[in-house]
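The structures come next, written out as C-alpha cells.
In what follows, chain A forms one complex with chain B and a second complex with chain C.
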Partner chain A sequence: MEKLVVATASLAGCFGCHMSLLDIDERILDLVEIVDFHKSPINDIKEFTRDCDIGLIEGGCCLDENVHVLKEFRKHCRILVSLGECAIMGGLPAMRNGISVRECLEEAYLNGPSVRNANQAKILPNDEELPVLLNRVYPCHEVVKMDYFLPGCPPDADLIWNALTAILENREMHLPYELFKFD
Partner chain B sequence: MEESISSILEGHHHDPTRLMDILIDVQDETGFIGDQAVAQIADGVGLSVADVEQTRSFYHFFSKKPTGKYAIYLNTSVNACMMGHDAVARTFEVEAGIPCNSVTRDGLIGLFDTSCIGMSDQEPAAIINGKIFPNLTPFRVKELIRDIREGKSVDELVVEGYGDGQNSNSDIRAVVNNNIRKIGPVLNPNYKPGEVIRKKLPEMTPQQVIDEMKRSNIRGRGGAGFPTGMKWEICRQAESDEKYIICNADEGEPGTFKDRVILTERPKLLLEGMVVAAYATGAQKGILYIRHEYKYLKTYLEKLIEGAHKRNLMGRDIAGIKGFDFDVRIQFGAGSYVCGEESALIESAEGKRGEPRDKPPFPVEKGYLDKPTVVNNVETFCSAVKVLLYGAEWYRSFGTTDSTGTKVLSISGDCRYPGIYEVEWGFSVNDICGMAGAEDVMAVQVGGPSGSLVSPSDFDRVLCYADLSTGGSLIIFNHSRDLLQDVVLNFTSFFIEESCGSCSTCRIMPVILRDKLIKILNARGVKQDITDMLSWAEVLKASRCGLGQTAANPIITSIHNFRHLYDQKTRGEARYDTGFDLNKATQEAMMATGKFVMSE
Partner chain C sequence: MANSNNLSFSIDGVTCLAREGSTILDAARKNGVFIPTLCNLEGIPPKGACRVCSVKVNGKLLTACTTRIAQGMEVENDTPGLNNLRKAIVEMLFVEGNHLCPSCEKSGDCELQALAYRYTMTVPRYPYFYPKRAVDASHPKIVKDHNRCILCKRCVRAVKDEKGRSIFVFLNRGFETKIYIDPELAGKLTDELARKAVEVCPVGAIMPRGEGFKTPIGKRKYDKAPIGSDL
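== the complex of A and B ==
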C-alpha cells in the first residue's frame, strides 16, 4: 500500500494541537509506517513540493498570511481537517472580534502599560514585510472549504489518532463521547 | 423633571405591575427615560434599577436618550418599501440634515426606523409624536419638516382631511383610512351595542354560553386557532379568587391592520365580547392590550369604556345580573412584535420585558399575575357576540366544517383595492386576488412573515385552519418585485430586529440565515448554501415561542415555492464559496497602519 501524505500547519493557534498530535506517543512509530509527513512545523518542510492526502490545520485566520497558507493547503490537500477550537470557531484569538483593529493596534503599540513611553514616535508597525491583520479572526471554514472538524482545546491525542487511522483505513470514525466532552 | 416623574408615579399608585404605563408616561412627557429617571422610578415602585432598566431597554419606543421635540418613526415594513419608503426616508434625512436613528443637534427632530405600524394599506407611513401620517411622499415630507421648523404643533402638521368613518371622531382625528371593502356577519353594522349583554346573558348560565361557543366551533382568530369554547371552559373550571380576560390587540405581524379597523369602527362589539367572556369564565377584570402604534385611539376607547359603565354594561351587577362585576382597563405596549404572543403579552402587561413564558402552565391556568387568564384576539371577541346573538347554528352556516365563520383579512401590496375584507373561511388565494383587484400576481404572502410565501401554482389553496391558516395578513406581490431582495430579506431582518433574545436559536440562527441570503443576493452563493439554509433552519424549531419557530419561514417557503429565484442567483456547479474577501478583511488594518489610504 502506498503511504498517505500528511501536511500540518499552525495558523492563529498556540501549537497546543500540534503538541497533542505528538501526544500519540509511541504510536507515532506506527503512524510513520503508514504516512509520510510533508510540509509541517514538525519536520520544518516549508514549501509544498507535491500534493498531499491530508492537511491538518490548527488555528483560525487572523492575518493575511494565514489566509495564504490556508489556501495553499486547500490547493494541495485532498482532505482538509480543522484541528481544535481555534480552527473551528476562532478560539481565544477571536476574543478581539468585538474590538476594532485600530483599537487593538493602539493598545498593543501605543497605549498599553508596557509600551506607553517606549513608542514616542507613535508608530504602528507597517513594514511591507509584516503580515496584515484581518478585521476579525475567521474560523477556517469561513475562508476555504474544510472537510472535517476535530473539536477540543486541544483535541485529545486519541481523537487525532482515531481520525487519522479512520481516514487511512477509509472507515467511519469512532467518536466516543468521552473524547470530546470538555468538562 | 423629577417632579413630573413623581406625579406620574403617584398617578399609578407606585404599582410595580404598572411599570409599562409609568414608563410610557415618562417617555411621552419628557421625551426620553434616562438613567436618572430609571433610578427614580425604581425607587418609586420598589423595584431594583436593573428590573426597571430591563423593561425600559426592551421596548422600541422607550429611549435612553432624548428622541427630539418631534420624534419621527418611519415604518420600514415590506409594504412601506414597496410604496416608496426609500425616497421618503432619504428626503427625511436630507431635509432634517441627519441620518436615520439620530436627533438633530438642536434637539428639534429625531428620525427613527420602526417595524410595521399597521398601516399597510396606506404606506409609507410615519408616526410623529404619536400621530399617524400615512401616504407620505417626498413632497409631503418637505412640507412636514418645513412646518416643524416653523414651530407648528403636531396637530397643525395635519393638512389632509381626516379619514373615513370614526377616524374623524373628535376623540380620534386621524388621517388614517379604514378602507373597509367587504363586510360580513361580524363587521355588519346592523348591531345594537349591549343587546347581547342585556337580553341574552340574563337568560343564560355561564355554562350555556360556553356550550353555545363550543357548538359554534369558533376558533381563535389570532392565527393559532385554539377552540375558543374550550379555552373559556378550562378557565371557568380553574379555581381562583381572581380571573382575567385579556384582549390581544397587539397585531404586529407585518401586513395586518384589521384590529386597528375594528378598534376604530366596532369597539363596542369588542368590549361586549370581553364582557361575554367574563360572564362565561367568571372573570372580574379585563385588559385590552393595544400596540403602542395605535395610541391615537386612547381617548376614544377610554370614553367608550366610561360610557359602558354609565349604561351598566360594565361595572357592578352588569345588566342587573347580581354579582356579575367586570371592568376593563387599557394597556398599551411600547413597540414589540413578540408581545403578540400571549404569554409575552401577559409579561408585558405586568410591566416586565415581553419575553414568552415556558409552557405549560398555559395562561388559562396561570396567566396575568399568575391567575387564570383568557387571552383572545380582537376578532374572536367580536365573533363571540354574534354567535350568542344569532346562535351557533347560524354561525356554523358560514365557512367550512373545520373552520366555521368568517375571517377579517388585511389585504395590502400590489392590488387596486387594499383594505379590510371579511370573508368566509374557504376562500382561495385566487378568489382573494380577484376581489382585491390584483393583476400580474407573482406571489402572495399569506399570514405575514411567519406564514408562507405562496406561488401561483398554489393559488387554488384555500384559507382555513387545515390548509392555509392565517391571522389575516395577505400581502400581494406582482412581477415587478424582486422577491428575495424586497420581501424575504426584509422579513428576515424583521425577525432579527424583533427577537426578544431569550432563546439562542432565535437570537443567532436568523442572523446566520440572513448572511447566507445576502451572500446569495451578492452572487457569491452556491447550491450548498441553499441546502444549508434548509437544514439549519430546523434548529429554530427548538425556540420557545412562535416568533422563533417561524423566523425561518420566509426563507424556507420561498425556497420551496420559488426555488428558481435562488437557482438563478447561485452558480451552476456545486462549488464551495465561503464569500471571504481578503481585500475587505485587510482594509481596516491597512488604513490603521497607514499602508493604504482610502481614495475619495
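== the complex of A and C ==
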C-alpha cells in the first residue's frame, strides 16, 4: 500500500498541538509505517514539493503570512484538519479581537509595564520583511474550507491518533467523550 | 390527591405518569428521562429563556421547563431534529460571547460546555461575533466576566436580599444587555450570597475572587460523563 502523506503547520498557535501529536509516544513508529511526513515544523521541510493527503493545522490566522500558509495547505492537501481551539475559534490570540491593531501594538511596544521606559524612540515594528497583523484573528474555517475539527487545548494525543487512523483507514471518526474536551 | 400520579402522557412513545400541575421537564425527570436545560434551576421559577429544553408537542415547539403536562400529551424529546436544534442553540451561545474554554476557571464544571460536549460540538455552524465585552473585577467578593455571560437570568432570579429583592439585574436591552450589580449592594454582599451567585451561574460569568482552577483536570463535574448521565 502506498503511504499517505501528512503535512502540518503551526499558525497563530503555541506548538502545544504539535507537542500533543508527539505525545502519541511510540505509536509514532506505527504512524511512520503508514504515513510520510511532508512540509512540517517537525522535519523542517519548508516548501510543498508535492500534494499531500492530510494537512494538520494548529492555530488561527493572526498575520497575512498565516493566511498565505493556510491557502498553500488548502491547495496542496486533500483533507485539512483544524487541530485545537486556536485553529477552531482563534483561541487566546483572539482575545485581541475587538481591540484595534494600533492599540495592541502600542500596548506591546510603548505602554506595557515591561517596555514603558525601554523604547524611548517609540518605535513600532514596521519592517517590510515582517508579516502584517490582520485586523483580528480568524478561525481557519473562516479563511478556507476545513474538513475536520479536533477540539482541545491541546487535543488529546489519543484523540489525534483516533482521528488520523480513521482518516487513513477511511472509516468514521470516533470521538470518545473522555477525550473530547475544549481545554 | 395532590401527591398521586394522576396524569398519563408519553415521551418519545414511552408512557409516563405525572402529577397534575407539573411541567414537562419535572415530569420527565421524575420518569428518569433527560431533557437538557441551561437557564433552568431547581428551586427557582422557570424562565424559558434559553430554549435548550425545547420539545415538540403536536408538532409545536414548546419549552419543557414552562409547559405544564396535560392528560394524554405526546411529547417528542430525544429525536435527531430536536437534538440538532438544541445543538444549534448551544452553538449560537458560543459564537455570541467570548467563550475561551482553555483559560476559563469554570471549564469542566460549565453547563454550556457540558452541553457542547454532549452534542459533540466540534465547531459552531455560525460565524464568531467576538463582541467586545468587559471583565468587572471591581467588587470585593465576586468577579463578573461579561464575555462568558449567556443571560440566563439565574443570578437575577436566585440571588435575593432579605426582603426578596433581586441583587443582580439586567442592564440595557438587546445585544447590549448585561447583568449588573449595584456597587453598594455588591460591597455588602454576604459570603453566603456571593457563594450562591457563583454556584447558580451555569458558566464562568460570576466567579469568586482569589480562587480558581481548584479542581484538577479529570476530577471536574463533566470530565468523565456527559451532563444528564445521573438520570
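Following the convention adopted for this analysis, the second predicted complex is superposed on the first by the 180 of 183 C-alpha atoms of A that agree within 3 Å, B and C clash if a C-alpha of one lies under 4 Å from a C-alpha of the other, contacts with A are read in each partner's own complex, and residues count from 1 in each chain.
The definition used in the following text is that a residue touches a chain if its C-beta (ideal position, glycine included) is under 8 Å from a C-beta of that chain, and two chains touch if they have at least 3 such contacts.
On a predicted model such as this, the values are computed, not experimentally measured, just so you know.
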Overlaying on chain A: chain B and chain C, fit or clash?
-> clash
Between chain B and chain C, more extensive residue contact with chain A = C
Go through the superposed model and pick first if A:S100 touches only chain B, second if only chain C, both, or neither.
-> first
Of the two partner chains, chain B (first) and chain C (second), which one does A:L124 touch, if any: first, second, both, or neither?
-> first
Which superposed partner A:H141 touches (first chain B, second chain C, both, neither) | both
Regarding the shared-chain residue A:L175, is it in contact with chain B (first), chain C (second), both, or neither?
-> second
Does chain B (first) or chain C (second) touch A:L133, or do both, or does neither?
-> first
Touched partner set for A:N43, first chain B, second chain C, both or neither | neither
After superposition on the shared chain, which partner residues are touched by A:V67: those of chain B (first), chain C (second), both, or neither?
-> first
Touching A:N111, do we find chain B (first), chain C (second), both, or neither?
-> neither
Pick out the shared contact residues on chain A: the ones touching chain B in one complex and chain C in the other.
-> 136, 141-142
Would you pull the chain B residues touching chain A in the complex into a rising list?
-> 576, 578, 580, 582, 584-595
Which residues of chain A touch chain C in the complex?
-> 82, 85, 88-92, 94-95, 97-99, 136, 139, 141-142, 146, 148-151, 153, 175, 177-178, 180-183
Show which residues of chain A lie in contact with chain B when the two form their complex.
-> 64, 67, 100-102, 105, 124-126, 128, 132-136, 138, 141-145
Residues of chain C touching chain A in the complex = 94, 98, 100-104, 107-108, 113, 116-117, 120, 122-124, 127-128, 130-133, 217, 223-226
